[in-house]
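Presented sequentially are two complexes of chain A, the first with chain B as partner and the second with chain C.
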Partner chain A sequence: MRRYLLRRLPSALLVLLAASFLAFALLRLVPGDPAAVLAGPDASPATEAAIRERLGLDDPLPAQYLRWIGGLLTGDLGPSYAIGGQTADLIADGLGATVELTLGALLFVVALGAAFGILGATSRNRWTLGTVRVLTTGALAVPPFVTGVLLVLVFAVLLGVLPPGGRVPLLTAPDLGVQYLLLPALCLALPSAAVLGRYLKDGIERTLAEDHIRTATAAGIAPRRLLWRHALPNALPPVVTLLGMQTGHLLGGAVLVEAIFAWPGLGQLAEQALVRRDYPVVQDLLLLLVTVFVLVQLLTDLVHARLDPRIRWE
Partner chain B sequence: MTELYSSTPSAPTRRTTLRAAGGGTLLLGLGLAGCRSAVSEAEAPAGKAGAGPRRGGTLTVAVNTDFTPSLLFAQSGQSLQQRLIYNTLTRYDDRLRPQPELATSWEYVEGGRSVTLKLRTGVIYHDGRPFTADDVIFAVKNLQNPLRAAQLRATAAAVTGFEKRGDHELVLKLAHPVNNLFDLFEFMVIADRHSVEDAVSGKRLNGTGPFELTKWSPGAGLSLTRNEKYWQPGRPYLDGVEIRVVPQADALLSSLRSGQSQLSFSVPGKNLAVVKSTPGLAVSEYSTGGGAYYLGVNTTVAPLHDKTVRQALAWGIDRERILKQVLGGYGLASATPWPKSSPAFTEAGRTHYTYDPGKARELLRSAGHTRLDLPLLHVNLPGETAVAEAVQYDLKQIGVQVTLQPTDPATAQKHLIAQTMPGLWTMGHGFAQVQPSTLAVSAYPFNEAKNTSRFRSAAYTKVVRDAWTGPATGAAANALRQRITDTLLDEAFIIDLVIRGSVQVSAAKLRGVTLNKFSYLNLDDAHLVD
Partner chain C sequence: MTTLAAAKPAPARKPRHPYRAALATARGRTGLALVGLVVLAGLLAPLLAGHGPTDQSALALAGPGTPGHPLGTDDLGRDLLARLLHGIRADLGIIAVAVPLGAAVGCLLALAAAAHPVADTVVQRAFDLILAFPGLILALAVTAVLGPGRLPVILVIALAEVPAFGRLLRTGILVQSGREYVTAARVGGTSGGRILTRHILPNAADPLVVQIAVSLTVAVFLEGAMSFLGVGVRPPEPTLGAVLSQSMPYLAQAPHFAAGPLVTVTTLVLGLSLTAEALNREIRR
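And then the complex of A and B:
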């Protein structure tokens, strides 16, 4: 395993190095720079020049790149140019919020997806089936920015039972935090829950049509036991794979939902940093994203190698 | 399949489903009932009405842009917290007359080349350090530093000497008289000189203001608590202020309508009709305006180097329509940059260019053009895009085909400062709400020495310099302001369109809120009633 890991490590590092080059270069290719943003629309060229000098933007590009990489290697991500504060703190705060939102949404995805799937596959009541069909179709068809606004209108403005936006960290005040989390997590989860529900429904229906279920039915096993002990476990593996993929979608979708619910996560941070050309924050965020992907890839390969011994020698 | 299906396990029975749903709801209900409500936590408890202001309550202010610490000493998109954490030397009243704050009195001597300031005693910073004349000296020098990007740097730079007479008297020596010194005093926050670098990085903001910063969460907002040692006895009434960032316009509106926030100055004009029909919310407007939308013209691009063509464009735009459609009617259609509160405002100036496509076409013909193709750069934000589209439509009616160039804010700003704008652009400007000379000296688009339009004129330079160094009031001052207005209207290198309304949306139970001329929120007297 260690040898396999060592063999994969150089390519992973190479990917990270290439990503760092790309992130650095792409930002410099985009017109506009942080000095102009910081100077503001009423500022003079002299003010902009002074800010450029302070930020080190007049230094040669290789020097700027090495300064950034050097900081990363020593664990010093440096200050943010435009947003303020330390880049590491900004990313840590945003990451915490986004992970919290994604995990909350994941819970909804599993709960709603299971309900949609099981009811859709096993119910014989046409009202129940119709409701599940309408709900899953609606959840898939209506984009989150519409669902979000509707949820806020109903639960925050009309009923006044949940806050319309903002965040209280779950670890700080769990009772308040969960109320702030409910609407954004539900909004983010709905499309994925609908997809999961449909997969699960198909999976259960396929399993129920298999011979071993017929045999079990003939043997007199109770219908409920048949569903929970025999049909569901067999239908789950592809759904679990799908759930993994949907987790990626949830992270991506969080960007939009964060804006609707004023949830201060990585999506909002990235948007702010890009608009203000906050080079350190954008660069570090991009590199973080690539690192996560590289690590997940590496982890997947390791798990595969563990499961299939042949892989280690290929 | 049908047969198999019929022999397969039944769905969870209705009873099971109902039990599960009921159980889940009960659990959730019990869980939520047993804990605090986020909604009632967010709502500000009110004091009692009738018997005057009462102490207590936390006010939540919704903003669409976060505080930017690096722009602490500049006019930025979000300046509300400035007067909450800090004080200024003076503040203007409604008629632009300076009133005491940290400076209690002032006297001009030597023909306006020197100002003696008496400073308030007994003022202490949040960390317990006393406020002295050294803090004012630092504040002026701090704004002279180009790194602070302060728009009033030119005025600060006119202060060339300081003479301290004890801890609470200071003489400012000026290189030449300037009539916008009190604009500087209204603009310049008196920050703690020992922790200024911490302040611009957002770590610690130490001021003498009515509230102390307890926490800044980037992207989420600021939390402030009452300064118990505030120099105004009995103030502030509020226990605390939360400034909450809500970037999305609809979400911001929901935040106000649900009672989660009680005050905002960031509601777009098109949403104000909804606010007005919401019980418990009140809408009011400040006469200072909230900056202006303008059409910039690059005077080095043919045929825009011809003044007649620029004037034709100015006649060809329906400002009233822009006001109605883009700002929901909140603001002022105006050919000049001055809001109603400005001493330079005149009705004649405001209506100098009205919508007259016939006259615009005639002017274009007289300049030898019947059809023109021009590029127009605009920032790709909703309001700015709507203005650009309105301009495009209007100019098409007079034979000017405009190609829109949507651009992100950072790139547009770069073009603006680097003087690389195309023939036309639309953006916003500020600084017309105070002394008129400040606009021409401090707002880059209007700067006489160097501006984005690349407009240079000895006459404009002279009138701006005269207005800046001349008297602040009286007939001579008015005459100089009128000459600036006349030059701007005649040369039309910046074609003003509409002055945005500075609109306050607040809970009806909130009283005593004011803004200074630079949109610093003053909550000294603010309180909540039932």
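And then the complex of A and C:
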């Protein structure tokens, strides 16, 4: 296992390094003087000079890069010029909201994915099968901004049972927080749940066709026990890997879902920073999001290697 | 003549090309019909609309069925039908450039990767790097440099498609070049270039055709998502995503504002998915 990690780690680090170069290059590629852009049109030359000093824009590029990475590693991100407050605080707040949304969505993915997969593989009812098929096809095909608008129309406008957007932190007011979390989490979860459901359905169907299941059936084991004790555990490993990959997708999708439901997470922060041209914040966020994404992928590979020894020795 | 024709043994029915067979299934036909409907609406936009997409009338946020405005007007008094039709047109224009562009670049990179091991490593790492940025984060990054507009949208869609096509073709080439018929051709003295163009590429192309249909769906998704994030095509030009995202603040008072783009996007992506699925099933057989 450790050897697998050692082999897998360099490529992950390489991707991170390249991503950091890209994110760093962004601020320098933007036309015009970054300090003037950040300070805004009405700023005095003194403010501009202060920003230039703080960002070290007159230093050679390698020094600027190292200073930025050093700041990231020590948690010193400096103030946000356009949004106000400390960048680290802004990112911490956004991260909390995004993590809450992603975890909520993950619960939906697991619950709905399991329901789609198990029902799709074992139900003999035409209507149940048809419903599962339409739901998974729809959830996969229709983009989240369409499902998002539909969810708001149905649950917030027509039925009026859930708020159309915004967030109340789950930890401060659980009952209210859940109401705000439900729609965005569901919207974010649907495509991944459909993918998971399809994989699980295929996996269960394949396992149910195997010899050991036939033996168990011949031995008189009840179908229900057959499913839960014999078929499901064998169908699970690839699904777990898929779940990891989907977690990465959820993080990416969260950016959009946050915009639809006015959920104040990292995506909204990135959008805000972009609109106000707060490039240092954009730069920090890009690297942070890619880092999380790469870490999730690495973790997924490790879990996969743990579940399937063949991967480790490939 | 007739007797001669009758005397001949009936020729074995030539098997239909799998793509045509796929598109002749119920699934394929429904998919094509849905896509065709939307594409037609987009192509005929100037004829069907009756108003310009940015013309304003005195009616602000009028409901559907207002005289001259079958879908109503938006918050600025612009005809929603005209905005929808021209939005489809704009989307189609973006997608028709972006997806082939991404596919072409991806395939070229895959060919380079197949040609030389060093190129292979470089190309693979490049794909890894693109895939390390979740699609929408890539969108934000590109827009940060270029500013919002049509070009960044095309670029983001194309960039997102590059690794998809590149990886598929690279895998296809690797799989096919290990097959015995390729070895046979090589032993028979066929040149490397001819083996590639006549034998390997035609056999590796099937997944790419399916991927085109999938990529078109992804392109619709990315365009809409970028509009929602405020980094899409700049207003007042309508796109499907832009019209839908502009309707968000008015959902409670004027749900009809969202109806047109909702139905259109759903029709389009469902049609594309059905087509992709039909192709995929037929090819896998």
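What we mean here is this: the second predicted complex is superposed on the first by the 223 of 314 C-alpha atoms of A that agree within 3 Å, B and C clash if a C-alpha of one lies under 4 Å from a C-alpha of the other, contacts with A are read in each partner's own complex, and residues count from 1 in each chain.
Quick note on the criterion: a contact is a pair of C-beta atoms (placed from the backbone, for glycine too) under 8 Å apart; a residue touches a chain by one contact, two chains touch by 3 or more.
This structure is a prediction, so every number in the text was calculated from the model and none was measured.
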item: First (chain B), second (chain C), both or neither touched by A:Thr137; value: second
item: Which superposed partner A:Gly220 touches (first chain B, second chain C, both, neither); value: neither
item: First, second, both or neither for A:Leu14, with chain B first and chain C second; value: second
item: Chain B versus chain C as contact partner of A:Val149, first or second or both or neither; value: both
item: Contacts of A:Val168 with chain B and chain C, given as first, second, both or neither; value: first
item: Touching partner for A:Val275 - first (chain B), second (chain C), both, neither; value: both
item: Contact breadth on chain A, by residue count: chain C or chain B; value: B
item: Which superposed partner A:Val157 touches (first chain B, second chain C, both, neither); value: both
item: Which of chain B and chain C A:Pro60 touches, first, second, both or neither; value: neither
item: Which superposed partner A:Gly253 touches (first chain B, second chain C, both, neither); value: second
item: Chain B/chain C common contact set on chain A; value: 30, 149, 152-153, 156-157, 164, 259-260, 275
item: Complex interface listing, chain A residues touching chain B; value: 30-34, 36-51, 54, 79-86, 89-90, 93-94, 118-119, 122-125, 128, 149, 152-153, 156-157, 160-168, 173-176, 178-180, 205, 208-209, 213-214, 217, 222-227, 231, 259-262, 264, 268-269, 272, 275-277
item: Residue ranges of chain A touching chain C (in the complex, touch as defined); value: 11, 14-15, 18-19, 22-23, 26, 29-30, 137-138, 140-146, 149-150, 152-153, 156-157, 164, 248-249, 251-253, 255-256, 259-260, 267, 270-271, 274-275, 279, 282, 286, 289-290, 293-294, 297
item: Chain C residues touching chain A - in the complex, by the definition given at the top; value: 125, 128-129, 132-137, 140-141, 143-145, 217, 220-221, 224-225, 228-231, 241, 244-245, 247-248, 251-252, 255, 258, 262, 265-266, 269-270, 272-273
item: Residues on chain B engaged by chain A in the complex (per definition of touch); value: 1, 4-5, 7-12, 14, 17, 31-32, 34-39, 41-42, 66-71, 74-76, 145-147, 149, 151, 153, 200-203, 216-220, 244-248, 250-251, 254-255, 257-260, 408-414, 416-419, 427-431, 442-445, 447, 450
